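Once you've had a glance at the structure underneath, I'll fire off some questions.
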């Protein structure tokens, strides 16, 4: 399988990376080790660590940071930006539609079953249109590249995509360690993200809000693996970071408990799942949420971001239909392509998948984080047979995709610099306006040949540069 | 500020101060146990545990008070919520939760103490001398305190940190003085003896205050002078008078910032007035132990009032 | 038929609670089969919160009650003019798509026995099949109070062969969904005229979605379709989802609850 190297075409260096050639060639080994240690110390000092659910081990584990940046030029980014914004608009239009009249289903463009029987479809918000018609305020689109002009969307994240703190901190650390690089290259800044996020959240204030809305971030708590990110965003935006116990419903509104008494809250950027939001509406055993929150939400007293029920748009089975959504709602052709996907729930597709299992990637429809996934070409015979059994037992629970030749970017490894596979997650903000900061989270599979970039499975992160024109 | 944030800050201070006290208590214990004693070191260590309010918990886990076990219990034992390790871990965890309400310097100080603690826990116990451990704790407690004083914005968060410090410190001073009560209780004839004075001096040393004491009072160490120094003297950094005044000051600043008073301010003023009214004679008439117990009780009442008014989030 | 309702729910707490939040579906549904003459819900020392009509057409009213409290009393009183529509929920406005109600939930999860029961029923069309399924459930589960509890599943009730209206409704929902018929749980009131009649006045039944007719009620516990003796309050996937009162108390311990319901035929 030929793999696209984002820096080298044979011996030639591609234009976006031109200035990095000298940088890496002239960096002595000792300096590199020194800088790597410095980066790690900085990450540890700011406390940006990552705890993996259920894996135990060191809760203060760091995600490995690779200093070799990933670079896009303005033209490449321009296309990505258009494609991502288009997708974010279509996904939101879809959400408004399926919680309303369901035109796309009536038109026969997407099967009713996939939507209405979906676990992520929240009956509780049917018939409700959130402020500005936005369900998903932060859309994280996972993109892989296979050639100079070939980008594919791997999946959409419409609920609460994480990782943006790595985008911000990676940049901070790179600027601190290699200021010269930033003088030589004209790199678009990403630090406007927090202000844009704050503006986005404030722009979807609820109907009953008067004056400047009070925004908070709702975290499941400091044991959560993304707690650092929650607190960083709260700090950068200058808003309170609250837990469910800090909020309460009184009358028609939600308040937070402060040392000066109750203070009304208008917009909640929640980083907890729908099921935990409100024990009176969803899981009655939830201790993380706020009893009565949904009633306030439904009656326009508070905005919840992302809106409850947004998850039905980023389901892996619904994903297949996103290009269809673009055509249906926007009347446009999709700029970014989907990875060809087989729905194992369809008998024809299942047959094909079972035939080609060793060549395919198989994923659980509701899975995330690289768990419950089969990478055919890397799997042992046993693993493949185990998956064959799972697929036959519950085909509807799986989708399959061809193994893509993910692009590589030079990466610092033990022996020097070597190509490693990467993906990209930019964060698109949707409120009154739709915005995208030029950058994102580049994840890199640090193991040679590995295609799994998840941080829980040995992936690392890189700074992502977008060069100014 | 979020009530929970205020609560976390308050507990950072309480845990740090408590860790400091436990280290000092260990210091007192080991010095007292070096003395020739009528009842043997066992009962003295036991007195120490009683003063710290930890005797029952210790007995349940270890049985007889053996010095080595007491050291483990007070320093490393995670089952003991007041051990140095538990306190430093809890302080750092509270700090992590409210990371954005702290400066880098304060966080660094909390985090460094925690990271070094993990190294100490991995070290072979026989290589760790008690005096080194207690010095280590006091150094880090001072670093955190210093970082707070030097770098933190003087807002309500700063006040809640200080409220935590003064509450815990007053309580701890009272408890440390009470060790004397437990140690000496069985043998009234020791009062005023050389041994008695030696024990008082040990106590002063443990509080890092024996030099200050001599500068302030000079001459012989007597119970009355000590009581004056540790209870009534507003110059002494650990005296109950200083702690109560600190509470009145910081609660007053909170009330001013929020534009309203609560039961907490009233109780703090009562606490201070009680001390300002007292004299050493009156204290010994009432009985030192009784006086200290009363202070501990009133301070606990105040802590409840502070919790209700500001930290619980129940204020309307 | 004109029915009057007096429904009191009392919560008691062993230790005082700091506050209580409730989400209530205690207002009669708006549809052609019932018309509210007067209706009032009171909550002791409660403060009315947000109100809205949800996607399933239910009137939802939130309440908050500030503590400390050792008891809360919710009282519903009112009069409703009802009409027999042979179970058909005519003129009910809602935006949830019927297909949503094909999803199973823990209490309506099917097991082998439910599958078998679902297969025993047959009918020329959806309506006939729906009747047959309801009949099958009535035959398979005898009405007997006290053998099942609030968390008994449809499968467990079927295995016991006994249960109350909640179990009947869960079982019918389970078998209907197995046969591809959207089905949901309905809570409401039932007027029982004969002395000593067995069934509870705070009642529950199921609705099945029949093409052409829309939602149609079936009450397997009473072997009939809801008529003028029924007052409909709200619906959901299952009993918990359709509960007329969902509440959370903050702090405190030892909640106990007792309910009294009186439904009477009112004078014109």
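Letters A, B and C mark the chains as written, and numbering starts fresh at 1 in each.
Going forward, a residue touches a chain if its C-beta (ideal position, glycine included) is under 8 Å from a C-beta of that chain, and two chains touch if they have at least 3 such contacts.
No experiment lies behind these values; they were computed from the predicted model shown.
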- Line, ring, star, complete or other: which one describes how these chains touch? line
- Message: Using the stated contact rule, I'd like to know whether A-B or A-C comes out ahead in C-beta pair count.
- Response: A-C
- Item | Whole-Å gap between the CA centroids of chain B and chain C | 59
- Query: Roughly how many whole angstrom separate the Cα centroids of chain A and chain B?
  - Reply: 47
- Message: Nearest whole angstrom, what separates the Cα centre of chain A from the Cα centre of chain C?
- Response: 40
- Query: Considering chain B alone, which of its residues make contact with at least two other chains?
  - Reply: 314
- Which chain C residues reach two or more other chains? none
- Quick one: which bits of chain B touch chain A in the complex? Just the residue numbers, please. 1-6, 93, 96-97, 99-100, 107-108, 111, 156, 160, 254, 258, 310-316
- Residues on chain A engaged by chain B in the complex (per definition of touch): 45, 47, 222, 227, 231-232, 234-235, 240-243, 245-246, 256-262
- Inside the complex, what are the residues of chain A that reach chain C? 99-102, 105, 112-113, 116-117, 119, 121, 123-128, 248-252, 279-281, 284, 291-292, 294-296, 298-299, 301
- Item | chain A contact footprint on chain C (complex, rising order) | 19, 21-23, 47-52, 54-56, 60, 62, 64, 66, 94-97, 99-100, 102-103, 237, 240, 246-248, 250
